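Quick notes on the structure that follows.
Per-chain numbering from 1; labels A, B and C assigned in written order.
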Amino acid sequence: MAKRVAIIGIGTTGFRATTPDVSYRELTYEAATKAYLDAGIEPKDVGSFVSTAEDFFEGYSIADEYSPDQLGAVLKPIYTIPGDFIHSLASAYMMILSGIGDISVVQGMSKASNMLALSEMVTFAMDPIYNRPLKESPHAVAGMEMARFMYETGTTREQCAKVVVKNKRNALNNPLAGHGVLINLDYVLNSEVISYPLTQMDISPHSDGAVVVVLAAEETAKALSDKPIWIRGIGWCSDTPGLETRNWGEAVYAQLAADMAYKMAGIRYPRKEIDFAEINDEFSYKELQHLEAMRICKKGEAGPLTDIGGTEITGEFPVNPSGGCLGVGNLYELNGGHKVLEVVRQLRGEAGKDQLKNVTTGLAQSWRGVPTTTGTVVILSN
Amino acid sequence: MEITEKDVAKTATKLSANEILEGKVLSVKWEPKLKYAWDNGPAIGRYLAELKNGRIIAKKCDKCHRIMIPPRMFCELCWVPTGEWVYVQDTGIVNTWVVSYVDWKATRLDIKGGVRPITPAVIEIDGASKGMGILHHLNEVDPWKIYQGMKVKALWKPPEERIGAITDIKYFKPI
Amino acid sequence: MRKVAIVGAGLTKFYRNVQETPKELAYEATKMALDSCEMKLSDIECVVHGTAPDAFDGIHMKGEYLSDGSGAYRKPYMRHFVGGGTGVLSPIHGWFHVASGMFDTCLVVTEEKMSSAYPHPAGAFLTIFDHTTEQPLYPTLIWIFAIEMNRFMTTYGYRKEDIALVAVKNKKNAIDHPSAQLPGEITAQDVLNSEIMAWPVNRLDISPTSDGAAVIVLAAEHVARRVTEKPIWIDGVGWALDTAYWCTRDLYYPDYVEVAARQAYKMAGIKEPSKEIHIAEPYDPFTYKELHHIEGLQLCKRGQSVQMLLDGVTQKTGNLPCCPSGGALGVGNPIAATGLMKIIEIFLQLRGEAGKRQVPGKPTCGLAQAWGDLMQVGTVVVMRS
């Protein structure tokens, strides 16, 4: 029975604001072809497939129906997780450990550009009895959380704005990123207020794209790949979905998911034992909140660390060298897939201009967005 | 640990549809306004463009030699990109069909009042590989006289009304 | 591979319209399941949830909304989805959480509140069809069932009056099921006389839309043996999804059920399913579907399922009882919860705790199967005592 599982293949189409020339089928087919080539496998070698899709994001009830064809999974074991990509990764991981084949494929996709009523859709996710009738914008929920986080930790708007500047600048060197741009602090601070203290620039624009990842059990991984990236720890957690009962200042879901992953990986001092992280920065303050929740920074310290450049590519603990959601685009249920992809690229030395030096262990973290309190974490090593 | 009547009795409270509609229980209503603009990609995009021209187009897999409709950029069974575009005919045979007395909302049609039942069918298109069917409607035929293998032909909308959609074909009718 | 057992179960009553919110329904079934094996929420290490289209309950990201009602507060929680096959994928999803060694216990929750969708839940099925090549024709799910039934009947020469006996059998079996929504004694003629929905489907050929929830508790071997004297082992799992291009498939035979069944039989070491499976719960959302699936499950040769029915083999007292619970036709069809209701039925039957529904002969090996999507997915679980 396999004890260790590694990522042996990754494939992506890259991420950009619109993809009018291809449908979801071609998008996934491209990512899958690249991933299988990278891993040196064919669909017939695969024991199980997991796709990631939420019905309303795809525009189909039962998005699952449209998953097998473009992965080569016709009449094979495949199902869909309406959740984050890292949930699917965890499922594939557990299936390999349970003996369902040696190789598993995980897929995620975003066609956010096709969703014309995104705000309406997120509102549709709120509690129909207690929350929706208030007709609040989903950005209001993020704004309230930002305000509470700033109050409890002393984080300032300037520190949040620095996250935006850093990530969008990092994205300029990332050929996969769709929203890289050079801006200064004032530009962010003076941008249109959406839901104070949240401004337009604090919010990630969205992108389309697809990612496919191939996992293999230890023996197979070593046979097929000379750069297997090992899954050392994985965790996921859901806090209460109620707006009325949640902790607004702290991202408890991230803390519990990270604890689960650290325990599995045998990590006691994350700041020292992990070299860099790709984490969810869908809203600028989220990067700081998540860093503190995962004990990479103490409470109130993530802002000051950003001030001194500690999270820059050249800093002590690089965060989102790829550009994060702010620089690459919000990919909805694919966000986790993008994070995993970037961590793998870094650990393999394939990250081009944004390459970090001497990295052995990276952390990918994801959150499912407003109004959820669900988060996932995976720790990878080369 | 048998599960008994007593165990389930208090788990759910039965309501009738009328109690809800007449407001006898508190309820909340919401009508989602969900809009999508789906990118169709090169394969379906061409399919629709050709429908506007009054033609049906398919695509061939060079490995398994299937001529596939609707056209696709890759063969899902061989896992290779497809090859040439192939025009197929707008005639076919009925593979299987239905005589429906309800519409998509499960509302009963007024059959007794003379409304014709809806007769959707899977039609195997001539020129495509055996078994390659598309879903469409049948009309101008007695619903109870449809049979497997019946030969049918597409009835197109006039060119100025076509927009590049599957509905550019109004329905199929027996030859 | 670690052995995993089902140790507890609970389910709510199934009705067309219930007053409870989806969260409350999930809670009721979860509480019953935990109480049944005297476990507490703190004993549960992870939760998996199966629920069918969000469009029914009218909540996007429905899994998130249901998480606290499913006992997943601050726990690892995941939702899975294969349309109607979800109910039997649920125990599979939970199974590998435990079989992988990552967790020792897992709560498997399924819930559906179809009645929230107006004007009728059936309308939600419009959006399962291809948005470009099919939705503009305003199709409904009943059509595909009717299309498939037509093809099935024409290929083998089956008659409607024989297929109708499935409804007769299942609704009668359901009289003894505490959660049943539509139990009763009807005749084949009643089915033929019932209103035509979409020929060849009549109203009594169809299972009702329902609200309901069902939950089971899974445990690794060392925990299972502490918690109960009669753990029921999940010995085989299988699932497979066919192409979305359903118009290119010959619908008379469910390949996807065969592929899934073979995977499960291989894992369970079953060579002759028609002999080694003592009791089965194939998914029966429509009358002919039970027969269609029995053929796919290799429980009889192709073209023999109607004869099997006429010979009484699938009756409660027959050699291979099928749907002793009453199935979807008799108990109700809250999509995801139906599949788990079937799993629970096999669980109870193998423990000898199915009350008046208990089949004679002390079965030791049973299976449950579900189906879903656009005539696409088969999910199979083989259980043994």
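The definition used in the following text is that a residue touches a chain if its C-beta (ideal position, glycine included) is under 8 Å from a C-beta of that chain, and two chains touch if they have at least 3 such contacts.
All values reported here derive from a predicted model rather than from experimental measurement.
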Contact graph of the chains (line, ring, star, complete, other): complete
Middle chain, criterion being Cα centroid separation: C
Which of A-B and A-C has more C-beta pairs touching across its chains: A-C
Distance between the centres, which are taken as Cα means, of chain C and chain B, whole angstrom: 26
Rounded Å distance, chain A centre to chain B centre (Cα mean): 36
Intercentroid distance (Cα basis), chain C paired with chain A, Å: 34
For chain B, residues contacting two or more additional chains: 30, 32, 36, 38, 40, 44, 76-77
Multi-partner residues of chain C (at least 2 other chains): 58, 125, 131, 243, 245
Contacts with 2+ other chains: residues of chain A: 56, 59, 68-69, 74, 121, 124, 128-129
Touch list for chain A against partner chain C, complex: 1, 54-56, 59-69, 73-83, 87, 90-91, 93-95, 97-100, 121-122, 124-125, 127-129, 235-242, 252-253, 256-257, 260, 368, 371-372, 374
Residues of chain A touching chain B in the complex: 19-26, 29, 42-43, 56, 59, 68-70, 72, 74, 111, 113-117, 120-121, 124, 128-129, 132-133
Residue numbers on chain B that touch chain C, as the complex places them: 1-5, 7-17, 19-20, 25, 30, 32, 36, 38, 40, 44, 47-48, 68, 70, 76-77, 95-108, 117, 120-122, 131-137, 143, 148, 165-167
Interface residues, chain C side, partner chain A - complex: 1-2, 21, 52-55, 58-65, 67-68, 72-83, 89, 93, 95-97, 99-102, 124-125, 127-128, 130-131, 238-245, 255-256, 259-260, 263, 372-374, 376-377
Sites on chain C touched by chain B in the complex: 8-20, 25, 28-29, 32, 36-37, 58, 119-120, 122-123, 125-126, 129, 131-134, 136-140, 142-143, 146-148, 150-151, 154, 178-179, 195-199, 211-212, 243, 245, 247-251, 344, 348, 351, 353-355
